[in-house]
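Order as written gives the chain letters A, B, C and D; numbering starts at 1 within each chain.
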Amino acid sequence: MSFNTFGRVFRFSTWGESHGPAIGAMVDGCPPGLPLSEADIQPFLDKRKPGTSKFTTQRREPDEVRILSGVFEGRTTGTPISLMIENKDQRSKDYSEVAKAYRPGHADYAYDAKYGFRDYRGGGRSSARETASRVAAGAVARLVIPDVDIFAYVSEIGGDAIDHARFDASEIDNNPFFCPDPEAAKRWEKLVDDARKDGSSLGAVVECIASGVPAGWGAPLYAKLDSELAAAMMSINAVKGVEIGDGFAAARLRGEENADPMRPNAEGGKDGNPVFLANHAGGIAGGISTGQPVKVRIAFKPTSSILIPVETVTREGAASEIITKGRHDPCVGIRGVPVVEAMMALVLADQKLLHRAQCGAD
Amino acid sequence: MSFNTFGRVFRFSTWGESHGPAIGAMVDGCPPGLPLSEADIQPFLDKRKPGTSKFTTQRREPDEVRILSGVFEGRTTGTPISLMIENKDQRSKDYSEVAKAYRPGHADYAYDAKYGFRDYRGGGRSSARETASRVAAGAVARLVIPDVDIFAYVSEIGGDAIDHARFDASEIDNNPFFCPDPEAAKRWEKLVDDARKDGSSLGAVVECIASGVPAGWGAPLYAKLDSELAAAMMSINAVKGVEIGDGFAAARLRGEENADPMRPNAEGGKDGNPVFLANHAGGIAGGISTGQPVKVRIAFKPTSSILIPVETVTREGAASEIITKGRHDPCVGIRGVPVVEAMMALVLADQKLLHRAQCGAD
Amino acid sequence: MSFNTFGRVFRFSTWGESHGPAIGAMVDGCPPGLPLSEADIQPFLDKRKPGTSKFTTQRREPDEVRILSGVFEGRTTGTPISLMIENKDQRSKDYSEVAKAYRPGHADYAYDAKYGFRDYRGGGRSSARETASRVAAGAVARLVIPDVDIFAYVSEIGGDAIDHARFDASEIDNNPFFCPDPEAAKRWEKLVDDARKDGSSLGAVVECIASGVPAGWGAPLYAKLDSELAAAMMSINAVKGVEIGDGFAAARLRGEENADPMRPNAEGGKDGNPVFLANHAGGIAGGISTGQPVKVRIAFKPTSSILIPVETVTREGAASEIITKGRHDPCVGIRGVPVVEAMMALVLADQKLLHRAQCGAD
Amino acid sequence: MSFNTFGRVFRFSTWGESHGPAIGAMVDGCPPGLPLSEADIQPFLDKRKPGTSKFTTQRREPDEVRILSGVFEGRTTGTPISLMIENKDQRSKDYSEVAKAYRPGHADYAYDAKYGFRDYRGGGRSSARETASRVAAGAVARLVIPDVDIFAYVSEIGGDAIDHARFDASEIDNNPFFCPDPEAAKRWEKLVDDARKDGSSLGAVVECIASGVPAGWGAPLYAKLDSELAAAMMSINAVKGVEIGDGFAAARLRGEENADPMRPNAEGGKDGNPVFLANHAGGIAGGISTGQPVKVRIAFKPTSSILIPVETVTREGAASEIITKGRHDPCVGIRGVPVVEAMMALVLADQKLLHRAQCGAD
């Protein structure tokens, strides 16, 4: 069922609201014996942390994680790993107006329609603050798949895309946008800052690549690797689209263009595996990994919290308009990068164990 | 866990291979007392049935469904509904070459890598024939959500898109492409036929709309309605991308453009609900339906079975090339339309019951 | 959720009613490459088959199983295994009276209360006929745990227990009661026959032992091996009690009596494991197998279908009395033996794969 | 999958070790709008709390619960409820010997066999301390089923049973044994105290009754109410047997004795339901509640932690013997009472929501 749980073998559940005392995650099904301490998790949280530049929300959260269970003498025990992050900088006064009227684009109206009432402080459970729990859980997941290398980056903001010819992975951490194209990063400074000053917001596209995934992960039919990735990414706040490999562009190719031809191992394959001459498929065929890099593209809508007034209704149904004061990300896709990476790690760790369960090997 | 099961409350499982004696689905968790007979299911199977035009595979399957359990005196009993469709026109001789070498773009290599061997006849379990089981299950799901109207159509083939200004829902069933734009349908005749004659194939984009979904369906956080739809659609053969509402286009909008403003019920709402002035969100906010139409866009890659030779390797790893003889769809996205509709129905039926479970109302 | 599915990795689902056209099971998550044909399943169904002696129901069912999917060239493919058994000897006329009034001890009233109506023919879904599907699935499960030896027997009928001092496993298949004590078997002939002639029925206790289970299977806390076994056994028709090891008798021991002392491997252990000097625990500690034989005891109530009139009410709520004509087992516990064995195999196969998933070894 | 999660719609997960910083539970799927504060949970924890008499462990734990999420303005929001209890009185020095050798009857050896190593401090995850998390979650479950009255009591200690003729529910809280028979309670004082002084321990039988459960809860076939209860109870530390209604005694009855005859509503039924003249079935038929009180009996083995030396082996496999110093319950079944009640509440809350999901009514 799992309202707030994701995964099949390596499972994680998250809890907590934006302005409650704490948020957290429980990781279950983690293999025993893996070295784990807070220091393995904190760097990923720091990468996602708010308040690090003017291009993200000014909420200041140290986001310090505590491991409350599941680790003994520095190693995982195979029992649930409880992770907790205290909320420190919640300022509920900022959200008084939100209690009365619905913010278009936000979950406000939908939560009210579903549950009859809602924790309106900072979006409550629907706040992107929840993604810190995912990032913490994702750091544990990475330990399960040490041979897999995962990285994500922003490839487009507000319709302004990077030039893949200038792609340089080493640039990703050199700018506040996780941008692999230094020229695009420069352009985005003004673009995002202008939007911020306008009280507006911008959408973004994030791309994520996992290399080192062996052929054979993914469980047909309804636990396909691409299906799981789509669910994982679409569950992130503000995500409206997911592509595997060429995605929608594949719909414009002919069969012979879209096929990823194979060549014998002797022509440069690793570990006895054949070589692929292209990767339109994004490393997945029939829902199972092929040994090529797994590639996912994710669309983030512009942040719905803006300072420009939008027409809305009050809880009582009266006409109104609303601006969302408070501290917000002008482009929520930027801080989506570590979240996307975490979800990739969580899906792959789970699929590795699921494959092992049925097929007896990693 | 559910390797071959989908859903949380209203669940379905499918079984069967392209060239085995039969395929089928088991629907579990269906509410009791719903009128159901084979006649409620058959029309949907007929819509998906192969061999109805030169634009689909020439395999001839009557696809007659039998209900083996779960119905008594014409009504569902609340116990599992077993649905079976016999395979009639399997011709295994067509696939002898596939046993030896991998078809690029197909699941052949991935299945071998995962399981050590595979049923190579017609793609075995990875064949799109499995989707007939989904369509049968989907017909049952529709009974659970009688107030929801679901329809899908092809909006683009081989990069040639419909003109939404000419959109006419009544045209969808008037052409072999499920195309709502009669002019596009005319162009596609030649387009698809040319690809077929070339031994090539084309990709397609399918759009699906569900209206009549009340606000409140969808269970945050990891059973969000959009997350479930993404998983459902991405599990369909050949699908490489999923968008909710504006999808990737939303990433190019500013916050104030993307917000769907709300107006009081007095201005034209139904059932006391507010009016939305736009639907960029595709009817879902925070993972929960808003009462607007739910909109999904799905990218189908071109069929991987083509008559144009592609470089590949044999099971023994030797260089080879392969053409896929047999009977194939030149554009698998066309027959994806009833499958997409079925998955939409299956997700919505499930979410309706899930919502009822927690919140006590439909 | 799984209304009609059991298991976590190795999962099976059953469908079908007593008087429908067929019953069946779908096994999902089975490892690939295991040799499997109908001949591997049929002997277990034959053991459970009705009509083999005057001590079981006279319904005549060949119970021939057909494998509809998941097997290719004689081996499991890793995809769902669909098993079907046609119903041949349903005689619905026997059950006309049951449509009108509730049989005490049966599920009739409860099903009506839950679902609003029910398939009353032979108990519909609540019939013990469903257990044939379990037995078929259990035969597949045995292939997953080839080193585990499972056997069950009846240890008590109508309060008349075997003498464990006379226990002889080779006797179990020499009498129609699966009784390991030939003297008890002799007594039971008259006991059961008398009950049958009286139109009454008797309860029974079944014991099941699985040897060869390695230490380490069972997943704390809520997938404990003993918890899974309890759920599995209690789900069988007519079962009202389950004990692991000494069960209720353990509640009468002191701590030092109940402890199973351990001795070094040198004193007779296998595979480097320590020796246990007793097995009060039934081979399970903390929900995990210890390497000792796993022992379960199961109480079956007397068959509720009897020819002695019992007070009841009609569907309309009027006072009535009812006798259950038709063909019934005078002691349903007897045919419970192969069902108990099947459930043991199903739980152990599942736990083996679950252990492998998390801990990476069998 | 759910290693550490229980339930289908109303689900709870627990985490934490005996000597870690804290333990906790996450409740998911709880309906929104229920009034909830720590004060609703604390009394149940106090009932289970150690150190309240000389008949329980002398570990002193305030067991104060904190609600970290899922409640806003005093009501549940429908999002996960995170409950945390800090460990205050862990004294790890007591357990040094346990690190080296296995305590027979404990999970020590099994955990090592499964995971390769273990948190030996106070039993780590296998400690009965985990049951405090269940009790906290159970208090929330009770809010979901306000019309159901649940109580449990000890009916037998060390083989000395209560006299049901003297049963007086109002006595249960008047003695440290949760004993409804004041004379038995008197006898048990000496019995348990003697065992304690001997450094030994005693087993116990607990009975639990839930009245007010309507007919129709329980989901056949593999989510049957009795099957769920068996799994729930057997998952509690030290439990070795579970009976529904007459349990094993039913195996000694004849069919006509075991039937629970029904009479028309006019003869004293409630809410239009028929009257049952007996309750051998324990309120469950075909896995579904009948409207009668649900009755479960549970066998607790004697505490395995005793001061009497038992033969064992060290982690290195050498012969040894062990006594378990530290603070232990001489009869762990006593404190099992609130745990059994909690598990009953958790199963019933879940089944209520599951029934509502499928059948649309409570």
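Throughout what follows, a contact is a pair of C-beta atoms (placed from the backbone, for glycine too) under 8 Å apart; a residue touches a chain by one contact, two chains touch by 3 or more.
The structure displayed is predicted, hence computed values, not measured ones.
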For this session: Using the touch definition up top, find the fewest steps from chain A to chain D.
Result: 1
Exercise. By mean C-alpha coordinates, which chain is most distant from chain C?
Worked result: A
Problem set entry | Gap in Å, rounded to a whole number, between the CA centres of chain D and chain B | 45
Problem set entry | Mean-CA-position distance for chain D and chain C (Å) | 26
Problem set entry | Two or more partner chains touched - positions in chain C | 1-5, 8-9, 14, 29, 32, 78-79, 114-116, 125, 220, 354, 358-359
Problem set entry | Complex interface listing, chain A residues touching chain B | 1-6, 8-9, 14, 102, 104-111, 113-116, 125-126, 130, 156, 158-159, 195, 200-205, 214-224, 226-235, 237, 239-248, 250-265, 267, 272, 274, 277, 280-282, 284-291, 299-306, 308, 310-313, 317-319, 333, 354-355, 358-359
Problem set entry | Residues of chain C defined as touching chain B within the complex | 1-5, 7-9, 11, 13-17, 20-24, 26, 28-29, 32-33, 66, 68-70, 72-73, 75, 77-82, 84, 114-119, 121, 124-125
Exercise. Where on chain C is chain A touching in the complex?
Worked result: 1, 9, 29-32, 78-79, 220, 353-354, 356-360, 362
